[in-house]
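My questions will all concern the structure given below.
Per-chain residue numbering starts at 1, and chain names A, B, C and D are given in the order in which the chains are listed.
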Amino acid sequence: MRDYTAILSMHCPDRPGLVAGLTGIIHEAGGNILHLDQWVNHEENMFFMRVEWDMTGFAIPRGELDGWFESRFGSRHGVSYTLHLSDERPRMAIFVSKMPHCLYDMLARQAAGEWRVDIPLIVSNHPDLEQVARRFGVEFRCLPVTPDSKAGQEEAVLALLAGYGIDMVVLARYMQVLSDDFIQRYPHPVVNIHHSFLPAFMGARPYHAAHARGVKLIGATSHFVTAALDEGPIIEQDVVQITHKDTVDRLVRKGQDLEKIVLSRAVSKILDHRVLAYGNRTVVFE
Amino acid sequence: MRDYTAILSMHCPDRPGLVAGLTGIIHEAGGNILHLDQWVNHEENMFFMRVEWDMTGFAIPRGELDGWFESRFGSRHGVSYTLHLSDERPRMAIFVSKMPHCLYDMLARQAAGEWRVDIPLIVSNHPDLEQVARRFGVEFRCLPVTPDSKAGQEEAVLALLAGYGIDMVVLARYMQVLSDDFIQRYPHPVVNIHHSFLPAFMGARPYHAAHARGVKLIGATSHFVTAALDEGPIIEQDVVQITHKDTVDRLVRKGQDLEKIVLSRAVSKILDHRVLAYGNRTVVFE
Amino acid sequence: MRDYTAILSMHCPDRPGLVAGLTGIIHEAGGNILHLDQWVNHEENMFFMRVEWDMTGFAIPRGELDGWFESRFGSRHGVSYTLHLSDERPRMAIFVSKMPHCLYDMLARQAAGEWRVDIPLIVSNHPDLEQVARRFGVEFRCLPVTPDSKAGQEEAVLALLAGYGIDMVVLARYMQVLSDDFIQRYPHPVVNIHHSFLPAFMGARPYHAAHARGVKLIGATSHFVTAALDEGPIIEQDVVQITHKDTVDRLVRKGQDLEKIVLSRAVSKILDHRVLAYGNRTVVFE
Amino acid sequence: MRDYTAILSMHCPDRPGLVAGLTGIIHEAGGNILHLDQWVNHEENMFFMRVEWDMTGFAIPRGELDGWFESRFGSRHGVSYTLHLSDERPRMAIFVSKMPHCLYDMLARQAAGEWRVDIPLIVSNHPDLEQVARRFGVEFRCLPVTPDSKAGQEEAVLALLAGYGIDMVVLARYMQVLSDDFIQRYPHPVVNIHHSFLPAFMGARPYHAAHARGVKLIGATSHFVTAALDEGPIIEQDVVQITHKDTVDRLVRKGQDLEKIVLSRAVSKILDHRVLAYGNRTVVFE
């Protein structure tokens, strides 16, 4: 008996009968649908769906799911999709520099069993957080970056990611911009946390900029990393009210709580296969 | 017997003994302090205070308060201040174009007695909202603007403001940019509501821009109007979470609730003399 | 040509094929589905759906929609449902006592065209708000209540509601408890705003109770009215942070903004047919 | 040279001249005031102040501060106060049961240097979290509780707290109610996190109760522990919006993020000496 579920996330051009067609073939193969969320972007005539079904008694073996879906539904409707089983454990690497708050929050969630993921690798351009990695028994690799060594460092990082079989990279206040070349060569999602409510305060030192502008709230934004800095599809954002009393130091402190919660919420949703990126936006099923 | 209070809002360079000095002269004249908020900006060595005291039995008559304060405290410390009595009723004009939600919210608060203010005048560049003004018995003046007529229109508006004795202008979704000349010639505060969390999405059509960027929250910002568009000192900001399901139309609708609440909160605080602008920032005492 | 939509909100015991079955009969009759939200409560095995389709070219005339739905789908699945057309204008009555903030907010939304609803009647147990009704040209009926006259007053109110053809009652800070008898005899929804985050501070004077308890946030709750006071299905809730500085008077003032926004959000969702009550809970489609 | 500050938190009956008097004696002794917050509860005629000054060049040695304050100010005004130096490191014990999220959050903050505190001891009634303690090198003491052994267990816990010189206890989802006897005998603050927006859902299983009631938001409350369960002075509260889709399991998951942030915010403010409890309420200076 199989006590796991299948989770399909997909989008394709909208046309009549897509929900009926897909739920039909799942029922036909003996799948009991547990959750179904669908949404149509009428401006772009695009259909999005996340459907999760019980694999107990499902007629299609796990190794043949992709073929089944493609032949019965995907290829005829021009579908982009991912299909995951709930008992898979993706392998995540975390990139850090000197600030530990996001790293601790993620390692604690993984260690506590809150997330179904393995975290075999932490990469940093500074040695400062090695002890944090050690507390949780995670391999820590320090690869410093200088303007001259950047290309070589990224080459080494890509080799590490391949060697560890990493499915997903999270930049947890990694204070380096990944090159276009890196982004194009690494085939899996890269998630970042930026310490402002984007698109306000892109780039460096957003808390200083927020303080100088005199805003009454500060924010944090988690987004997929693309070639354009701080401009990838946004997954999650939140803000907190501040006052004139808040110095830059206090903004940093208030902001850290926001950063770690916003980043971890984004990662949670990705691990639940609730996030679909298309164009420069995301669909996030709740 | 006088059942009103005096409210002093001030700032000056910080030095030891300012609180003691000021509270001392108030007590000496028989004033019972009801509220005192003070804050020091240590980065700029600037002292801010709002103090409210009961005028019952106060030794200084209302007409001599400024002179008393200047001679006993203000002039020796280089103080910038305002001094108001709680029984004054400032005179506010509201500028609108076609959207009524902020206008209704403000007129209702005034009519309900929530705000101690008179609103004798509504100015618009379109005739659409005349009936709203009429419901509340407020004079409505329609002064259309074209690129050619802008200077003349502003001249006429300034004359109206002078004629009605207006102490404060609120731009309640007035879809015209006031010229530098207007701002410099009108000697009282002008408050605006911008429909984004500034500094994100400055300028026109922020909901369209927010939708295109794929943000997960939209905001509204109330600020004092200065010569630089959307860059004056921020008084109040707030945001609301949105999702991929929200079309531009739905953003507009969700945003309107935010705009009216943020603008009215800002105006409430100004009417309570809780807002001090200095440089490009505000100190807002709660 | 018909430029309106049909909106079906329904729930029934879950079974395989409900989405496929329903979307199938809509497509068959020429309906283009614009929005479809469905959700299954797996704990109670209950299926909920809201579906909206374009009526242009739909084969079933408006007068026969219920019969069509019942015969083709509803009766065989034991469905509870409502089916509305977007060009209908429900008729709403607002009940008030002395506080105008919620009343103003609702009348302004209706007058501004934000809500597709008629508001032909305001009922009050006090004369205070007659002028507010008059500003918006709405009939105002004052029916005072004393312990002795309550049964008679409710009788008169029910007759008024019938006479005006009222489809929905909103209690906008109406400071009277409707009797069980009234609730059972009035066949349409009654919506209330309670000025606390229920179930905290049920009953009278919640701001006083909140102040006495020293909470750090205050709330407002909009709910359907049932026989049990403050215990009906909750539609919408929100809170605002407060501090030790907030006196009861300031809580009242901060709370009023919350009350009117929470109540109007709830009414907006009901007018959009997004709210399904079942048991003591609501399903609210976004 | 001393590079630390003194922080005085106090309250006493209000009378004229308190700010002037206190700032006067601090200036007289050479103290430069960095922060001063004061607030008067006019309903109860009670004066509250937090003042922080630079100890560089201050005339009174650290060991004589209490005597100086008492003799010059405290005793004549009936002041209740605490006086701390910023270079002190209080000693905190954390009590847990089986859930690690709050514990991890606090240990990470301490390890990262975000909090100036020592955490030498973790007490639990279950062995489950021993490994979490070990990751951070903190002593873990498991003292199981049964109805029969409760008095003895508390005796042992009190002895441990005394032995480790613990200044402050934090209940980080400790699923035992401390007896009145314990509360009365332990002379330092005990802080709890309750997983609801109190006073709603007091007692056990608040997420189940919230789900059954159908609320649209869930909350968390951090408060000082007093003899009355869940009724001590509230320090910090926050909520998060939920929907009908949220099962109890999802409420638990969403709530955990809230619990840890609310608890850690409360502890941060206590460590900064910003929280004054009086009666059943708190004054929290920002």
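One rule holds in what follows: a residue touches a chain if its C-beta (ideal position, glycine included) is under 8 Å from a C-beta of that chain, and two chains touch if they have at least 3 such contacts.
The structure displayed is predicted, hence computed values, not measured ones.
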item: Chain pair equivalent in interface to A-B, over half of contacts matched, among A-D, B-D or C-D; value: C-D
item: Distance-maximising chain from subunit C - centres being C-alpha averages; value: D
item: Intercentroid distance (Cα basis), subunit D paired with subunit C, Å; value: 42
item: Centre-to-centre distance between subunit C and subunit A (centres being mean Cα positions), rounded to whole Å; value: 38
item: Subunit A residues counted as touching two or more neighbouring chains; value: 42, 241, 243, 245, 286
item: Complex contacts: residues of subunit B adjacent to subunit A; value: 39, 41-43, 197-201, 213-217, 219, 233-239, 241, 243-245, 247, 280-284, 286
item: Subunit D partner contacts - residues on subunit B that touch it in the complex; value: 16-17, 19-20, 23-24, 27, 32-36, 38, 40, 42, 241
item: Interfacial residue positions of subunit A with respect to subunit D in the complex; value: 100-101, 104-105, 108-109, 111-112, 114, 132, 135-136, 243, 245, 253, 256-257, 261, 264-265, 286
